[in-house]
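Look at the two complexes coming up: subunit A is in both, with subunit B in one and subunit C in the other.
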Partner chain A sequence: MSNTTLPNKFVVGLWDHEEVYLHAIEHIRHKGIEIYDSLTPFPVHGLEDALGLKETRLHTAGFFFGATGTTLALSFMTWVMTTNYPIDFGGKPYWPVPSFIPITFEMTVLFAAWGMTLTYLVRNKLWPGRVPRIYDKRTTDDRFALVFNAEKLTDAQIAEVKSLCQTEGAVEVKDKVFAEGEGL
Partner chain B sequence: MHAYESEFREPLINGLDKNYTKITDDLVAPTERNSAAWWIATLLTGAGALFFVFCLGWTVWFGIGTWGLNKTIGWAWDITNFVWWIGIGHAGTLISAILLLFRQRYRTGINRAAEAMTIFAVICAGMFPVFHMGRVWDAPFIFPLPNTRGPLWVNFNSPLLWDVFAISTYFSVSILFWYSGLMPDFGTIRDRSKGKLRKWIYNILAFGWHGSAKQWQRFESLSLVLAGLSTPLVLSVHTIVSFDFATSVIPGWHTTIFPPYFVAGAIFSGFAMVETLMIIVRKLFKLEDYITINHIESMNKIIVLTGSIVGIAYITEMFIAWYSGYLYEQFAFYNRALGKYFWAYAWMMSCNVLSPQLYWIKSMRRNIYVTFILSIFVNIGMWFERFVIIVTSLADDFLVSSWAYFSPTWVDWGIYLGSISVFLFLFLLFCRFFPVIAIAEVKSIFRTSSEVAKAERAKAEGAAHGGFVLKGALNKD
Partner chain C sequence: MGTHHTATPNLNEKFEFTGSLRKVLFGMMGAGLLGLVLVFFLYPENHHGRFWSNVLTNVYYFTGISLFGLFAVAAAQLAYGGWNTLVKRILISLGSFAMIGGFLLLIILVTGLLGWHNLYEHVEHIMHDHDNEKYTNKHIFFNTKFWVLRLVVYALLWAALSYTFDKFFGEKDQTDVKVYKQSKLLAAAFIVVFAVTESFVSWDMVMSLDPHWYSTLFGWYNFASYGCAAWAMTILLVIYLKSKGYLEVVNENHIHDLGKFLFGFSIFWTYLWFSQFMLQWYGNIPEDTNFWVKRFNTGYFKFTIFLALIINFLFPLLFLIKRGAKRNFKMIGFGAALLIVGHYIDFFNYTFFEPVVCEAPKADEHHGGEHHSANSANTVLYAEAHTDAKGHEGAATDAPAHAAPAAHGEEAHGGGHAPHGELIHCATIGIGEILVFVGFLGLFLYMFFTRLSKRNLIIEKDPYLGENIRLNVTWS
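Let's look at the complex of A and B:
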């Protein structure tokens, strides 16, 4: 996968308290400044609203994966018991739906869980050996980061973003430049 | 921003020196230091695990005849151990899924280790039915695989087959749940590791996680839906395990109370095993601030609840056996309590029903030594419960001439004790290389449920009320 389309120059603001950070995001967005990315050590409640992220469709995908499992299990067992190898169990019906329920349920859960997790990995671009772009090492520890794409900003705008971060309570503001093709 | 929490609720993260940095340091520390005790324990349990493999090899080579089974008692320690391990494997998903849906914050301190425990327990559990088949190499045919014998399919009416689906689904979904939660924490370990190799390994384990807002958003959606799926799943698994018995026509097994009774028992034994392990882990890894007495008390409340449910189930079974007027059922239950296995029944009753009643007393619920000893009692009691159900119901058959007694052989002992070694061995590896406590989740409750947050709020409140600080806010005994 090529990263040539990714920007390489960034301004990174770091906060140490999530509530200050959330207020900062609201104010910065209010000024019409575009936030490139946001990194936090844990899921901060209210972050997606503050950033104006669209709701994820992952759970909808999960429903369809689950429905696939249900259909597959029911139709397979029906085919086996009625068409492919019908067995007479003491005159009982060939199509014993109640005893299909446990397996149908398990297959629904299995398909929903695997389908959703794999979709999650693909959409989040997560795989073993992926080298992520680390804007600051402490974002998985104790810092909440906002990343701005410096390539889209003029020098004056960069200075404005930096000073805005500082007035909004950032504990550190810095430039971050990645080498061409470094990380994802 | 954060949900309001009563000032009188005890903190879940103790210590006024805590902040995000300190939490990371404390929780990653166990993966960053070597200890002689860990090596000794790992080598010992590793040797035990090898003995387990040896005993299984012995079984495969010489056949099931090396076990103490006989014609009358065709299920004994193997299935006892299977159900026991599956039961233990219930706490993990219960803690992660059901407590997540019920918004119980105390789950954050114990969910990771409990989920790991679940996975290792299910691995141990799976060994027993698979090797009980005798011809292990035919094991894949428990799944409905296309074959050249007909095609002859598996019997979709059989609870044994439902069990295959339930347990394999449970195992794989538990792994997904556990691992998706681990990725962010592996990212944390990666970003603070010094060595190049260590960084590389933890980056692979983290799947390249870096914690962007979109990743977290999807993460939360995934964990919520997995929790919603796992909650009925965890209940279905032990229900189906109980169907193995309940749908048979053996007196003592053929009872409709089994599904809820088995599920309650599974939660009961699972929590007991979590306590046994976590009491040791919190001490050895100095995690007392994160797995507090408050956590232990919460678990003990669940233990007294589920223990009492199990107790009511035992008594109900007895009553119904008498009330049914069905001679064989009455005979089976008479034998259970007063027959040749009366000692197993006595163990079961005293460990499972009587001993947890101590937890009605608050000081007992909050006593670590009492909790540790009782958790072992519960583990023993729940093993005996399965033994009582399985062996005593089979031993005195319909025909007097086939009445029998089960005695385990050294192979039975070896496989049973060996499976405990395998379990502990895997758990020790987990403790050394994986974060035992879910770092990101603990951080997410820091602003509401830590001692620091409570002290800060009490201070703010005090300032608002003219210097008066609510006494309960700083209270933790």
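Let's look at the complex of A and C:
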């Protein structure tokens, strides 16, 4: 992913109470203003609904990762036990499906877990060495931030967003400009 | 979620047990009686074995659902759980059947021991077979007095605890810290009693139908079945009550939580089903495999075993896994109803085989309904188990020493390939079974609604009430 696709100019509103913050989000979205990002120090109940986020597709990916593990385990063991190296184990059939199930289960879990974890990390750009974009350091402490993409807004709209944040109880509204290529 | 419930919800409501609902439930019970009569007279084989299997299966099933309702409350109470506060009265009311369930099981056992039916005849054989060293310990466990005494103890404990739960959570002010601490004691006491009695009753009433077979996780297995059925029942009842205009504050978030439990317990059930099956398949000990060989060689049971697996495992795995399915009342309602049927079929696999199938083989007809006929049928199946187990020559020595001559004849004749046609088995899920199930469901629901209508639908004085009203199940 190249940095040039990311906007560099933002308006950041900071709140200090999650209830006020949630109501502010609802009102701001009601006015048709697009919210670029939302940062909170802890998970806020109802935030997904307020932001109108779509359901994550991570678990769908997880299902397919799991199904891959199931298929791989079953087909590999079938190949080994029937074609590659058939052995008579205690009078069991050469294709003893019930004894494959525990391993199949483990492989399903392993694939689903690793697949989902890696997908999550990649999608959220959480790989080592990444320099994150920090809109405000206090979002990990006691501030709830709303980020607006200033590049998409005209000057008049920026002023409107700022005043709207203020009326909705933001304790601070500021511009945030990243240098070209700064952070990811 | 705070923003959605700004208006004060109506918490002070009581369920009205209307006359029309009573009529429907009495109609269901009438259908059940009709079913019992039908089954009793249409299938007199083996001392009306099918009739008693019907009674046992349904009493056992609904007692389990009932006890699990109380268990769900107790477990959440101990774990500081607030998620079930709005449906707590429903879970406690499920427990109303436990007031009589234990006594009904006791009646089934005592009538069996008195010789009214053949459900526990195999155990009695063991009791009288003093030559057989192998069953020495089972002698102690299935000592008639001890056996009946156990059932009496379960029945009394369940009735007492069910009554106490209703009283305690219905009348006491849970927001009082002292009372809240008492509720933890009560819940802990219930969990201990439930853990022991639930395991024991599964051995006493169901596993003893085939006393040669044992499964060390049978208690757990039954617990998982109860769990699925009880969550399914709770979901259906919540949906019913909401459709009647009650439980305004219960929304898709609460159903979603119940649905997750339903899904989770279905997977848990499968885990136990498979653990039980695979170890016995792999171990290949005739005592254990006999149980499965008998069933897989009986076409109908092979069908119901796989049907139960499909309904109770594949269906929830593929259908209930989606968030949307658990939050949609119609979809989760359908799933819950199907799972209740699925777990009935699962119990059917355990309870309907021995009492009905272990008829005399045709070659042995002159023995008629006598006890020995059933025993020899068992022995035949042992022989089959050996022949099926390739490379296990030594297993043959495990055959019971008292094998009847007729059984040996069978073995020689059948040769392990097609001796199964000789077994008379008349157990299927027919109209009689359906009617009896509906009847017991009617009785169960009658007791449920009776208890539910006694008090407010929602326990208002619960420390977790506010938390549960604001419940919001997110996907992140």
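Quick note on the criterion: the second predicted complex is superposed on the first by the 182 of 184 C-alpha atoms of A that agree within 3 Å, B and C clash if a C-alpha of one lies under 4 Å from a C-alpha of the other, contacts with A are read in each partner's own complex, and residues count from 1 in each chain.
Methods note: a residue touches a chain if its C-beta (ideal position, glycine included) is under 8 Å from a C-beta of that chain, and two chains touch if they have at least 3 such contacts.
Since we're looking at a predicted model, the values are computed, not measured.
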| item | value |
| --- | --- |
| Comparing the two partners subunit B and subunit C, which touches a greater set of residues in subunit A | B |
| Which superposed partner A:Y94 touches (first subunit B, second subunit C, both, neither) | neither |
| Contacts of A:E26 with subunit B and subunit C, given as first, second, both or neither | second |
| Touched partner set for A:M116, first subunit B, second subunit C, both or neither | first |
| Which of subunit B and subunit C A:G46 touches, first, second, both or neither | both |
| Shared contact residues on subunit A - subunit B and subunit C | 19, 22, 43, 45-46, 48, 56, 59, 99, 102 |
| Contacting residues of subunit A [partner subunit B, same complex] | 16, 18-19, 22, 37-48, 51, 53, 56, 58-59, 62, 66, 76-77, 80-81, 84-85, 89, 96, 99-100, 102-103, 105-107, 109-110, 112-114, 116-117, 120-121, 123-134, 137-142, 184 |
| Touching residues on subunit A, where the partner in the complex is subunit C | 19, 22-23, 26, 43, 45-46, 48-50, 55-56, 59, 63, 88, 90-92, 98-99, 101-102 |
| Contacting residues of subunit C [partner subunit A, same complex] | 1-3, 274, 277-278, 281-282, 284, 321, 323, 389-392, 470, 472, 474-476 |
| Interfacial residue positions of subunit B with respect to subunit A in the complex | 1-2, 19-21, 24, 144, 150-153, 156-157, 159, 161-162, 165-166, 169, 172-173, 176-177, 180, 183-184, 187-188, 190-192, 203-205, 207-222, 224-226, 229-230, 232-233, 236, 240, 243, 440-441, 443-444, 447 |
